[in-house]
Each structure stands twice: as structure tokens, then as C-alpha cells.
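Each of the two complexes below includes subunit A, the first together with subunit B, the second together with subunit C.
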Partner chain A sequence: MVAVLLVIWQITASVGQLGAVPTPVEVARALLAIFASGAVWEPLGTTLAGWAISLVLAVVVGIVVGFPLGTSRLAYRLSVFTLDFLRTIPALVLVPLVVLLYGSGLESTILLAFLGAVWAVIMQTIYGARDVDPTALQTFMSFRVRRWDTVKFLLVPTALPYIATGVRLAAAICVLVTISAQVVIPAGGLGEQILTAQLGGAVPSMYAYIFLCGALGVGANAAFGKLEGRALAWHPSHRKVSA
Partner chain B sequence: MSSPFARLIVPALLPIVLILAWWYTSEGGSSIFFPPLSQIQERFQELWLFALVPEHVVPSLQSILWGLWISIVLGVGLGVLLGLNGYVATAVNPVLQFLRYLPAVALLPLAIQLIGIGQEMRVTIIVLGALWPILLNTIDGVRGISPGLIDVARSNRLRNFDWIFRVVIPSASPQIFAGIRASLAVSVILMFASELLGASRGIGYFILEAQRQFSLPEMWSGMILLGIIGYALNVVLMAIEYFALAWHRKARI
Partner chain C sequence: MQATKTPVLEAVNISKSYGEKQVLADVSFSAGEGEFVCIVGPSGTGKTTLLRTLSALGTANSGEVRVNGMAITRPPAEVSVVFQDYSRSLMPWMRVGKNIELPLRRYKLSPAERTTRVTEALRDVGLEHAKDLYPWEMSGGMQQRVAIARSLAYRPQVLIMDEPFASVDAQTRADLEDLMLDIRARLGVTIVLVTHDIEEAVYLGDKVIVLSGRPASVSATVDVPLGRTRDQISTKSRPDYLELRAKIHAMIMQSPSSVSG
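Now for the complex of A and B:
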């Protein structure tokens, strides 16, 4: 089906029916060219670095903030409205402010992607920590299990599947926000390359960079989906039915 | 703790404390990037109640609503078609997944190049981003219809029209609404991003102009306005969902 669509695209574009849209062959050639000339590595590196750092920050901060909020009813109730409000604000809204504060470098995209993704991790951690089986918790309490062991053997295993989902979501959001911020600021990386290619009239290489961005998004999601499956192989929701 | 009074007060406590903290710490602050909240609030009243609303808020809202509406119509229409033809849906799935994870903002330069920088470009880019969550959720919803329901409809020889509008779409609607909610968030982001790159009106344009002229209180007032609009749109959508899916909740009890 992909092949069929590509052929249709090739035919309509080469007939000239799509206006200024290049044919897929031209795009593929441009893609090869940016790899062959090595022009792709530096922006790709910038994008990946921004993505990785913001993701790690979002996951660490999200878990550290989320756990206490999930385990205490009062803290949860105090913060639920605030969290709901803050996470509907798109991170890109802060672009003008962040640019004034930190300029158009890597810090800005990291900060924006972090602010976009941290909510997903916080919310998932809260859900996970709240999902603890009350009977199991009471059993742990009546056996006077040490506090640390309760965390290690009850809280963490319960919350882990939720957190894993949060991390996968955050990975996707970080790709999205990093690239978006690079386009609108513009702040280096693949995002800026798309914009430069458009402004310079290099239409096929613009499509090539857009394609790379999409591949990055799909790749990040697939990789984290796999990782989630492997790390949680013991969990009922991931076990293969073997009956 | 669970009296209705406490239920309202406790969640409201933290926002109030945060706003008060912001108010007092910014009052004597010397940083030009964080102007006093009192000043922002003053500017907010001057600008957004309601002097600049027709010039900047209306075009932004129009872009969002048009984009979202087109996405819903296209997404549900195509989603039903693809969902009912499982083979085709499987065949185009890789393409859809790719388009879904492609950051729509990355398509902005492309849209500007093809369409120029008018309202149509902004609506187009919103559709390009907001279509996929609705489309994919509709496909999932349609394919998840219980086989029993399909058999009953078949044996009663339901007309195609009734089959689609009275059985297929309502059964898929909980998932369709989940998709619309995701799409709304995407639309707000794309509205803002497209106005940053190419517009002469709209909230995004206003914020960018204020930033360029270093009018920080104006910029903050615009950002706060956008936050409020985003949240309000979300609340409106949840209310619509609540009423539209009332039958669904009842059916599950």
C-alpha cells in the first residue's frame, strides 16, 4: 500500500498536478545527498541531544514530584486542579519568554520539551501510586514491613507499568516539542533545517528533513514501546497468554 | 474532608497560594522579564476586556474551530470507511502511523510554501495535525464494535444509512471523543505556532510582537490569555462530551 501511494505521488507530481511538490524520487535523492555530504549529522545530533536531555529531566522530575502526590490523598486533592490547568497550557506558548531568557540555543528547546513532557510523567506516576491494592497495603502494614521494603516490593511494582506508559508518552512529546521549538524559534537542529531549506528554495531537501523528523517520532515511539514490553515482561498486562 | 465545601476549597487552595506568591514576589522584583503581576493584570484588563478581542482573539478562535471541525468531519468519515474495511485499514496503517508521529509544526514551512500565509494556511496546518488522533481513534472504535451488534443489524437488514449513523458512529463515539480531546490540544498548539511564523493577526502574533518590542507585561497578558482559552476550550469540550455520551454512561451501570 505504501508502494502504491508512492507510485501515485510520483505520477501526479511528475505530471505537474501537485504544483510545487517534488516527486518522491527527488526527495529520496535529496535525502541521500544530505547523508552523503554529512550535512545531516550536526542538526540530527542537536535534535537528539535536546530530546534525550529533556526526556531524562522530565522523567526524573516527574517521578520525584508524582510519587508523593499519588501516595497522599490530601496532596493529591490540593494539586489536582493546578496540575489540570498547567498541563493544558501548550509548552510552545512559552517560546517568546524562553527565547528572551535563554536565547535560541539548546537550553531553550530542552526547557520547552521538559515543560511539555513532565506532566505526562507526573500524571502517570500519580495514577500508578494511587492504584496500590488496599488489601496488599494493609497486609504489608499488619506485618510491619519496613517502610523501604513497602516502597520496593509494593509501590514501585504497582506504579511501574503506569510510569512506563508515562515515559513512552514523554518520549513522543519530547520529539514533538523539540522539533517544533526548533522550527518556530528557530533553534538549530532538524527543525531549523526544514525552515532554512524552505527559505532557500531547496524544496526536495525540505521534504527530506520533514521525513527524517517523522522517522524520528515513529522510531522513538517504537523503541520505547519495545523497551516497555521488555522491562515489564513479568507484568500481567504484558505477559503472553500461554494457556 | 468530603463535605461539598471542602471538595471545592481544597483544590482551589494551591492555585490561590501560587497566585498570591507570584503577586507578592513579583511586586518589588527588578527583573524586567518578570514584571509585577499587578501590572500584567492591569494590562490584561485594558487589552483583553475587550478592546483587542475582535482583532486578535476572533481570528485565532476561528482557525481553531474551523480546523477542528474539518478534522472531525474528515476524521470520522474516513475513519468509518477504513474501520469497516479492515483490509484497507491494515494496508494504510503504516502511512497513518508515520503521519501521526510526524510533528505537524515540521509541516509549517511546507504549508507556507504551498499555500502562503493566510488563514487558509493556518486552518490547513491545524487539520494536518488534528486529523490523525480523530481518524485513528475512529478506526479503532469502529473495529471494536461487538460482533453481536453487527449480526443483529445484518439479520434485521438495517439500511446502510441507519447502520452507519445509528449504530456504527454511536458505538464508536466514546473513542471518537477521546480523539477529539487529543486533537483540541494539538489545534491550540498549531494555531499558536502558525501565528508565530506567519500571521498579522491573532494571539500568537500579538505575543510575538510584544516580545519583539520588549513590552513584557503585554506579552505575559497574552500568554495568560492563551492559557485561559486553552483551558476553557477543554472544559467546553468535556461538557459536550458529558451530554453527548450520557447514554453511554447509563448503559454501563
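Now for the complex of A and C:
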């Protein structure tokens, strides 16, 4: 499939039917060049750092905020409107505000990516904490299981698959928002390289950077998928045996 | 039966309504030490409500539940519940051994004692080698055995069972019924089993409490003088067994306001 697409791309681009789009061979050459010259490492590092820090923040804050909202019906009802309102604001509309406050450094992309991703973790944590099975809860109550043990052995394991989904979503959102913010602000990293390459007319290397961004997203998703499979081996979607 | 002793579990004039709708009206019965009591009634007669009240997982509007003569308001250490739905009652993220250990965590037991209790409980239900399996790697009947083992490891005086064999096939059901008779005989635990199955109630019980009507009340308490040793084939073909079964069936059918199914 990928090979077929590449061949079609190569043919149409070389007969000049795609306007400014270079052929895959040219893009691959540009990709090799940015690695060979070492130009890629600094922006890649910036993007990865921004991505990782914003993701960790989103996950930690999301879980800490989500659990109490999920376990208390009252807290959930009081906050559901605010949550729905805030999470539908696209992170990038906050660019002007964030730049005003924090300038065009790493902090700004971290804050924007965090603001884009934290809602996914909060919502998934809420769903997870609300999904505790009534029979399981009655079982815990009838055995007089202590409060902390109930959290550890019932609430957290119930919420974990939901949280895992939230983390995977957040990881993807953080990649997207980090790079977009780097293009728009511009704020260093792969995003700014895309912009610079475009402004400098280095179209193949622009595509090389775009390709790298895609690879980053795919890599993040695969890594989290693998981690999830390991942590949730008991979950029906990851079981190796079924009764 | 030990009629003179204080009953281990006693329900005294339990009434319960959900809003306008009264579900239980003045339900009273008692279970003595080592007694096997079956509560039988058609679906929708408030059996589950009664069970929740008996285990103090729900509260009654009036009346009280006593354990060894003391009124209870919270789930007591002397009572353990085996739920119908083992797939929800066992935690899929814990191996069998950990599931059984869960209720023991609140007690100060040495790791060795804990292990001993788990091993003994598994042996009691005939699953010596299942400790490291996950519940979902086992058949339904085996999972319910694990749930029973978990209750036994907790060492209750009373085992309350809510339609425990309703989700397994007929052969497994017969095996589990005999397992419960065997456990009662060996461990002397009092068992209160709620079921809609008259045949099961008469086969297992020393006493059958017949619930009927809306709201449900005890329409009869029937002693089952079939002795303590029972057999799926010979007991079930005894004339007195068949007679009791027919009698209870008639009682439930006659009850004007009850609807079965």
C-alpha cells in the first residue's frame, strides 16, 4: 500500500503534475542531508522536550483533577459545564495570549500543548472513575475492605484502561499542538524548521521535516500502545487467552 | 435443629419500600448454627432486596437483622455474601490467589497465615492448583468456586448466597449444589441461599422460606426432613422430596398477586 502510494507520488511529481511538491526521492535526499549535517538534532530535541514535558504535565494534572470529579457525583455535576466549555476551545486560539505572557520560548509551546491535551486525560479519568461496577463495589463493602484498599484494588484498576486511552490521545494532541505552535509562533523545534525551509524555498527539506513530524506521531502511538498492552494484560482487549 | 439457641442470623419484621412501592412486608425468619436455609420465590419478589438487607448492604424501612442476637447496621465480619454474577464479583485484574486474599488484608495476618488460608480455601472448593490463574482463564463454574473460596477464607459464620448457580450449566450447577452441602457438613457454616428454583431449594435446604405476594412476605416456612446427606439422584426420587416440591410449587402458584418469570 505504502509502496504503491510512493510510486504514484514519484511518477506524478516527476511529470510535474503536483506543482510545488517534490518527488519522494528528493525528500529522502533532503532527509538524509539534514541528518548528515546534524541540523536536525537541535530542533528535534526541542520538539521532543516540549512534547514530553507537556504530556507529563497533562497526564499528572488530568488524573489529579479527574479522580475527584469522577468519584463525587456532586463535583461532577457542578463542573461538567465548565469542562465542556473549556475543552472545546482549540489550544491554538490561545497563541496570542500565551505569547504575550511567556514569549516565544519552550514554555509557550509546553503551556499550549498542555492546555490542548489535559482535557482528554481529565475526561477519560472521570469516565473511568465513574465506571466502577456496582456488584464489585458491593463485594468490597460486604468484605469490609478498607478505603485505601478499595481505591487501590477497585477504583484505580477500573479507571486504568480509560486513563490509558486518555494518555494515548494526549500524546497525539501534544505532538500536534507542539509542532503547530512552533510553526505559528514561531518557537523553535521542527515546527520552526518547516517554516524556515518554506520561507527559504528549500521545499524538499520542508517535506523532510514534515515527514519527521509524522514519524514522531506514529512512534508515540506505537510506544504507548505497547505500554498499554503490558500494563493492562488482564483487560479483555489485551487478553491472550479467553475462557 | 438447635431451636433453643440464639439464631446465628435473624430477620425480624423487615419492611422495605422504594418510594411509593413497597417491596418487602414484615419478613421474618431465622437461621440456626450450621443450618441450610433456602429462600425461594418467583423473580421480582424482592429476593435481592431482602438479601441486601440481610447483609446490611441496604437498609430496611423497619425491622432489623440480628447476627448472634445483635442488630446490625453495617456489613458484619460474621457474614459473607456470594453474588450471582461471579464475573463482576471477582476482579479480573487480580489472580485467583490475590482475589481470595483481598478480604484478608484488613486482618493482621502473617504472610504465611494468609497463604495457608488461601490454600485451604482453594482446597475446600477443589481448586488446589488455580492460585495463579486469572478468573477469566477459568470456566464459569470454577469462577463461582473461587468466589465461594474467597468467602470461606474470610471465615464467616453465615454465608449468604444470591442465586449463586443461576449462570452455570445444569451439570455444573448440580456439582456446586453438592459442594455447598459438603462445605456445610465439613465446616459447619450456616448457609442462607436465595433462589427462584424450587427443586434446588428443597434439595439443599433444611428449611425453605417461601416468599410470595406483592409486597413480598413469608407465606410459609417449610421444614425439609430429608436428613443432611443428600444425593442428586436418590434424594430427588424420594416420594417425600417430590411431595414437598409439589407442595411449595402449589403455594407459589396459588399466591394471587405473584407473577412468575
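One rule holds in what follows: the second predicted complex is superposed on the first by the 239 of 243 C-alpha atoms of A that agree within 3 Å, B and C clash if a C-alpha of one lies under 4 Å from a C-alpha of the other, contacts with A are read in each partner's own complex, and residues count from 1 in each chain.
Assume a contact is a pair of C-beta atoms (placed from the backbone, for glycine too) under 8 Å apart; a residue touches a chain by one contact, two chains touch by 3 or more.
All of these numbers come straight from a predicted model, not from anything done at the bench.
After superposition onto subunit A, the partners subunit B and subunit C occupy separate space and fit alongside each other. Of the two partner chains, neither subunit B nor subunit C is touched by A:A208. In the superposition on chain A, A:R77 makes contact with subunit B only, not with subunit C.
Judged by the touch definition given at the top, the superposed model places A:V118 against neither subunit B nor subunit C.
Legend: residue contacts after superposition of the two complexes on their common chain; A:I53 is shown touching neither subunit B nor subunit C.
Comparing subunit B with subunit C, the partner in contact with more residues of subunit A is B.
Once chain A of one complex is fitted onto chain A of the other, the partner contacts of A:V27 are absent, as it touches neither subunit B nor subunit C.
In the superposed pair of complexes, A:S142 makes contact with subunit C only, with no contact to subunit B.
Aligning both complexes on chain A leaves subunit B and subunit C separated at their closest CA atoms by 14 Å.
Overlap of the subunit B and subunit C contact sets on subunit A: empty, with no shared residue.
Across the interface of their complex, subunit C is touched by residues 133, 135-136, 138-139, 141-146, 149, 153-154, 157, 234-236, 239, 241-243 of subunit A. Of all residues in subunit C, those touching subunit A in their complex are 52, 55, 57, 74-75, 77, 79-81, 83, 85, 88-89, 91-94, 102-103, 105-106, 134, 136-139, 154. For subunit B in complex with subunit A, the residues that touch the partner chain are 10-15, 18, 33, 91-92, 94-95, 97-99, 101-103, 105-110, 112-114, 185, 188-189, 192-193, 196-197, 207-208, 210-211, 219-220, 223, 226-227, 230-231, 234. If you check the complex, the residues on subunit A that touch subunit B are 1-2, 5, 19-21, 74, 77-82, 85, 88-90, 92-97, 99-101, 172, 175-176, 179-180, 183-184, 190-191, 194-195, 197-199, 203, 206-207, 209-210, 213-215, 217-218, 220-221.
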